[in-house]
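Chain nomenclature is as follows: A, B, C and D, assigned in order of appearance, with residue numbering initiated at 1 for each chain independently.
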């Protein structure tokens, strides 16, 4: 298949609640960047995280193999530093090949889960 | 009416929960690709599904008649293979005429349903 | 202010549940097309609604005054015909001046409400 | 990093419910415009709010420092006037440097929260 996507993406919203109704990984409050690499070359992605009152964190480096998707949880980022909880952030993705990025939050602060999702902003 | 839409679309998010509070088809946990063909020619759409750790599935082939919408449930895909539950995936749609694609999940793992939706990523 | 927006928009998703936990208008299950006309000329908008198994309905005609927003409930459309409940649909908007369209559902089939929203697809 | 984003953005949906299940700021019903300024120059943003039946309010002026995100609550706008509750509105953002804008509502009218989010419409 031909490549589909763009090389730079931004997600302006970001917030991981510290509370969760469940300790089950699937139902833990989390935010995800779903990254599709539909092309035939590995995608090397550098992720930078922006905050309200400090310099950005990163780059975080992830690799998405050819013809694979990676649903990357911001909660799982560790290197160079974890994403703080209950904190406003944004993120920018830079890839060496075209990718598609979609943003999702599962929020389980209350007894019932709530979801949000949007395509990210693409450029380049 | 003139055609509206694009020929290639991608949805980076994909996840069908195996649990549902209800066995009513309307309230069963499901993901949908809503496909609008507003033009005067039939749309022949090939759908490829990407995973985290295996080669893609598909193509799945669906047809949308002229001036019709198809709300295609990923849960209903059977040929060449069903979409596994509780599994991260992404999808790419290739049509021979312009279409518009929007992605939706109804999640009823908990007692109350939760919804997410986004326009898909368009190209071509 | 300069105009902002496009003249043609499409929303591929559409579904108004017939059930609602409340008869309060605010909490009744509904879908809305939020239409912003930020320009200095009246927007004359023709709306066509597409279905899975019949010819489209419409055009429905709405007017958005200059520098105004109209949060149009699909539930409220009556002329030429109401939108059927529990039925898959899509919609296309054609305006004579640039507008911005966003789609929202409030779903109150269950005891708690659920929301979805996305920017519509723009063209022209 | 290079700049990412656009200078004009619009959000057609807008509605802040007056009711909330909790008086905790995090769980109060609110709408947010998440604004990312990934560039190296301060972003001076003018925000105009549109209504169904009166002239627009604003401009509201906010500043986003270089390499920072601002999750701006519409509930917090005070100057030149607060945003009325239970009222349909839309918003337009004009910045002197590229920014990225995403729209979110947390709705806690009922016992469980509900979320919606979408990338805003970009132009310029």
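Please note the rule applied: contacts are C-beta pairs under 8 Å (C-beta built on N, C-alpha and C of every residue); 3 or more make two chains touch, one makes a residue touch a chain.
Only a predicted model underlies this, so the values are computations on that prediction, with no experimental measurement involved.
> State the superposition rotation angle between the two copies chain B and chain C, fitting on C-alpha atoms only and giving a multiple of 5 degrees from 0 to 180.
Superposing the C-alpha atoms of chain B on chain C needs a rotation of 90 degrees.
> Over half shared numbers or under half: where do the identical copies chain A and chain D land at their interface, same or different?
Both copies touch with mostly different residues.
> Using mean CA coordinates as chain centres, what's the gap between chain A and chain B in Å?
Chain centroid spacing, chain A to chain B, equals 21 Å.
> Taking each chain's centre as the mean of its CA atoms, how far is chain A from chain C in angstrom?
30
> What are the residue numbers in chain C that touch two or more other chains?
Counting only residues that touch two or more other chains, chain C contributes 111-112, 114-119.
> Give every residue of chain D touching chain A within the complex, in rising order.
Within the complex, chain D contacts chain A at residues 1, 4-5, 26-27, 32, 34-36, 38, 67-71, 100-102, 104, 111-119, 122.
> Provide the residue numbers of chain A that touch chain D in the complex, in ascending order.
8, 10-15, 17, 48, 50-53, 55-56, 86, 88-90, 92, 94, 103, 105, 107, 109-112, 114-121, 123
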